[in-house]
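Some structures are shown below for you to check.
Common to both upcoming complexes is chain A, partnered first by chain B, then by chain C.
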Partner chain A sequence: MKISKSIYLFFIPGFLLYSVFFLYPTVSALFYSFTDWDGFSPAFQFVGLDNYERAFTGDSIFRKTIGNNLKFMLVVVVFQTLVALAFALIVLKNTKTTVFLRALYFFPTILSSVSVAFIWSFIYDPSLGILNQLLELVGLGFLTQNWLGNADLAIYSLAMTQVWFHAGQMLIIFVAGLQAIPQDLYEVAKIEGASKWQTFSKVTWPLLAPSATIVVAYTTIQSFKAFDLVFAMTRGGPNNSTEIIATYIYEVAFRGFQFGYASAISVIFMAIIAIITYVQFKALRSDRISY
Partner chain B sequence: MLFRKFSLAVYALLILIPLLVVVLTSVKTLQETFANPLGIPEGGLHFDNYVNIFQEQTMAGYFMNSSVVTLFSVSFTLLFAAMIAFGITRLNNWIGNVLFLLFAFGMMVPAQVSMVPLYSLMLDLNLTNSLFGLILVNVATTLPIAVFILTGFMKTLPKELFEASTMDGAGNWRVFTKIVIPLSLPSLSATAIFLFVMHWNDLLYPLLFITDNAYKTLPLALLEFQGQYATNYPMLFTGVIIASAPMVVAYIFLQRFFVAGITAGAVKG
Partner chain C sequence: MKKAYSSIMLVLLAMLLILSGCAGQSSSDSSGEGGPKTQINFMHWRGEDKAVLDAIITEFEKENPDITVEMTIYPSDQYMATAQRMLQEGSTGDVFTSFPGAQFESLQSAGVFEDLTDEAFVSNFDENLISVGQKDGKQLALPYQLVFNMPVYNKGMFDELGLEVPKSWTEFQELCDTLLENGITPIAFPGADIGPNQFMNSMMMNNAPDEEIFAKLQSGEEKLTNEWWVKTLEDFQLLEQKGYIQKDALGTNQDAAMQMVASEEAAMLATGSYHMASLIGLNPDLQLDLLAPITVEEDEAQYEGINTATFMLAVNSNSEKKEQAKKFIEFLSQPEMASKYANETGQHLTVNDVKYESDVLKNTAYWIDERKTRFQPRFLITNAQIEDAVLSSIEDVLGGTAPMDAAAAAQKIVDENKE
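Up next, the complex of A and B:
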């Protein structure tokens, strides 16, 4: 069947906007990464790979940000996935209570990251904060901390905020995956006399693998790209202990006015994301299960 | 069994306590907050913060800006993405595939990568401190995810429908508006909610492009409050409640759609 040529017109408005405000700036970032442009002066020079060399060998803060990104990502992925999976298994069946609880757990997802940042800044506040107050209240006063002010702890405090923010969303994905598992498999397992653990490890877990991969993949990328929470809660402090790549690009570009160098970091950032995505795409492909 | 119920209650409290604290703090005075951050306000409820925030700040203006930006961004992203998704589905050849990949590429690139050149582009085009500029960037950057979700859905529509109507002499635009759009409503509404939440809550682009108070959106305005009021949590939380109210009300009534929309975005993203 021949399609009228007018179909190409359908691409025009979106493609124009996408090219001007996304493709062009993205490609430019690669271009500027080889320059010493400050973002404002009309003149700049090509410096070859200097910016990249500086990122990998001369800039200790950048190396620190990569470590911070990894710490943040690891903690969020592990906690968020475990919390989401554990609770998805409990609120799996559709009763009035579980439907309500699922809605409640999902709730933080709809808030803005700035709002979540304020809420948790207050919770973590060393003198006013309800976290320290609650610890005192239950007799665990010795655990009280300056949660965001302690350079060893701050990145983990931020990670926990991220988990509070998004675990409910992942929980729902697990619930959907679990509900798609055919019930007769459980009946067979029951008839065969399988224990709870056997049922989980032999039936639920293998069939849940696709959802689990999606949750882990999405959480990894989402936490690696995190910006708002860190920006609003700590601005990378104290002492760069919570500086992550995304906030560092912002700092270098808009506080340090080193657009060329910021572009080089953003290209490296994109390369890391591309690698993570590629690895996960591979994993997703090999994990397809049919039943 | 008991352990399960206990865990469910603990998780529920972990969500509820922070939210209750926000609501309670917003009706406290600053002194009450310092004296007793956890407790119920002793001197009764103060709605002064709500009054003050509207008097001191141009809160109504921020609210308006957020509404305008969100409404136009969602509408245009949805329209353009639906057109592209239809085009890709209809073409069903290598050109369509290349275009699809080109848009899919956009989902992978973090916003921070293009933000430096984008910033100077916006300066050159005189689009900073402009809601219109913000809308253009919003549409361009959320098109990829919307195209991805909608293409996935439209590919499931039976091809015979398109072909039959083309045979009857309907042009592409007619097929699009009379057949594809009505059939895609579930997917369109899920995508709309996903975009709605994303644009309403977005911080990065307003942070980059808006400095003039007249054009600030709610998340940016909130961030500025924080600088201004440092630890005036009653005031900050009043702002949080006002900024979140439309989302929360919509969530209470359209809960199922919110969950479907946001998880569709997550799964496909």
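Up next, the complex of A and C:
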């Protein structure tokens, strides 16, 4: 079939939008990352690679944000994937509560991040918060914590909020993946006398691998780019223990008026995400399994 | 083929129309009854003042039928980021507000402030309180609000327990001990948000009475590991270790801390005068006043408290409606309007001849001219990274780190960022 050249004109609107909202800002960030622009004054000077050198050798907070980001990402990826998978397996069973459970698990996803931040800040409050009160109530008072005020704990508390907020989204991907698995395979496994674990490990999981790859990759990128929850709940504190790259870029640009330096961090940030995504797809990619 | 091109053109035309619709409407001149009106935009961060400002604007529009005022309000944490962009364009913020300190410096270096030095309405303001809006001998902005960034205390409770405002660090600790003995938390400290950046001011004001101390820190002449800051951190440590601030203070936000004081679980709120109206709202029976901890002996104390002249009114130099914008500031600075604003928002102002009506404002007005207060030291840190380092060292100490170690860690960041 011959495709008319005029069809390429249909790409123009999309390309224009892509250029305005992605290409132009990206190129601008790259350009300003070599300057000392304060984000406001019309004048600026080219400083070469100074901003990059500062990020890697002269800014201990930036290096700390990378560590914080990695901790946050690891916790979110592991828990969000497991929780979403567990939920998906639960809601896939045809019980009377299936519809209710699907709605329940998906509910956090429809909330705004600011609402979630407000709710969880209240839950985590050390004296008024319901989490500590609940622990006291069930006799686990020794587990009560200063969830957001403890510098060693705060990043994990935020990560768990992120898991609660986004697990519902991942649930949908897993449910779609699970529904695509032919029921015949389960029947065969049953006839062969496979245990539940064997069925899961030999049938469900291998065939769910493409969905899991998407979930892990998406969760990784999403958690690395997290901003709103962290900003609203802790603003990077206490003592920079929850400062992640995205919040730090905001601080440097909009509180520190160092747009040139913030642009350099943004470029590094983009490179980190690109590398992680590439490595993940390489590592998680597997040949499609079929039985 | 012709049909295909027509369809494409239609799609592009539709997109153009949608995009031009998104571009918004012009907020400049508009016509109304009685002739053309000029619309000016007033940009600020005080969402809580919207109702009273709406009422004031209505009166302004009555007096100036050729001008209308539109308000654009951003929350204070977004204001720093958003406002600066808008001001640069000149389409928004004909009249705008600025924070003192780093934002004022940044805006003035970008030339956004119209020089107000020769405007007659400048004399409506207390000349001692507007210097923070000056640069190179020019009055670029006029601080409207006068805030005292020092603890609010329950005066009624103090009277009941026979307690007096302490004049030294020793007396302050004795006061806290008495409160503890009576089952009251001495200080509600909102460490999760504004506590460190507010309380640091009064905690350090007499440990480092030199008002140039942070300028020297930024230039490398001073260090956080020097006695003035280590002593301040030790004082914070003492407050935490002796239970003078509540347990897990770093997880407490300002709403929770206010609730502690409103319910009389705590005697002092480590924030500032701007919370007095809210506290009275939560518990109308409270009698409140202000006190700052004196962290030295009585004869060494140079300051009694902290002030900040803020909500600085300014005219955008990029505006095409400067005269109308100045008229609006002139209107806001009339004692009658300023009194209305002060009483309905529970704020002290820098405007002369304001008549404070509420008990809280009347009872604390003596801080304006009878007490020796100093301008909020934190606002004299013009580098945000250095400010964060200073605040982080407080959080570090409250989290259990030794004061000298916390100071050294913070000084490392200062060294990375000093001018």
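Some observations on this one:
Going forward, the second predicted complex is superposed on the first by the 255 of 291 C-alpha atoms of A that agree within 3 Å, B and C clash if a C-alpha of one lies under 4 Å from a C-alpha of the other, contacts with A are read in each partner's own complex, and residues count from 1 in each chain.
Here, a residue touches a chain if its C-beta (ideal position, glycine included) is under 8 Å from a C-beta of that chain, and two chains touch if they have at least 3 such contacts.
These figures come from a predicted structure and were not determined experimentally.
Contacts of A:D125 after superposition on the shared chain: both chain B and chain C are touched. Comparing chain B with chain C, more residues of chain A are touched by B. Once chain A of one complex is fitted onto chain A of the other, the partner contacts of A:G39 extend to both chain B and chain C.
Of the two partner chains, chain B is the only one touched by A:L101; chain C is not.
Residue contacts after overlaying the shared chain place A:W147 against chain C, while chain B stays out of touching range.
Of the two partner chains placed by the overlay, neither chain B nor chain C lies in contact with A:Q183.
Residue contacts after overlaying the shared chain place A:F11 against chain B, while chain C stays out of touching range. By the touch criterion defined above, A:Y250 reaches both chain B and chain C. Where the contact sets of chain A with chain B and with chain C meet, they give residues 4, 6, 9-10, 13, 39, 125, 128, 250, 253-254. Listed in rising order, the residues of chain A touching chain B in the complex are 1, 3-4, 6-11, 13-15, 17-18, 20-26, 28-29, 32, 39, 83, 86-87, 90-91, 101-115, 118-120, 122-123, 125, 128-130, 133-134, 164, 168-170, 172-173, 176, 214, 218, 221, 225, 227-228, 231-232, 245-246, 249-250, 253-254, 259, 262-263, 266-267, 269-270, 273-274, 277. Looking at the complex, you find that chain C touches chain A at residues 1, 4-5, 8, 11-12, 15, 80-81, 84, 88, 102, 106-107, 109-110, 191-193, 246-253, 256, 259, 383-385, 388, 392-393, 395-396, 398-399, 412-413, 416.
Of all residues in chain A, those touching chain C in their complex are 4, 6, 9-10, 12-13, 38-42, 58-61, 121, 124-128, 146-151, 234-235, 237-240, 250-257.
Interface residues of chain B facing chain A in the complex, by the touch rule stated above, are 4, 7-8, 11-12, 14-19, 21-22, 25, 33-34, 37-38, 80-81, 83-84, 86-87, 90-91, 99, 102-103, 106, 108-121, 136-137, 139-141, 143-144, 147, 163, 166, 171-173, 176, 197, 200-201, 203-204, 207-208, 218-219, 222-223, 226, 231, 233, 236-237, 240, 243-244, 247-248, 251, 255, 258-259, 262-263, 266-267, 269.
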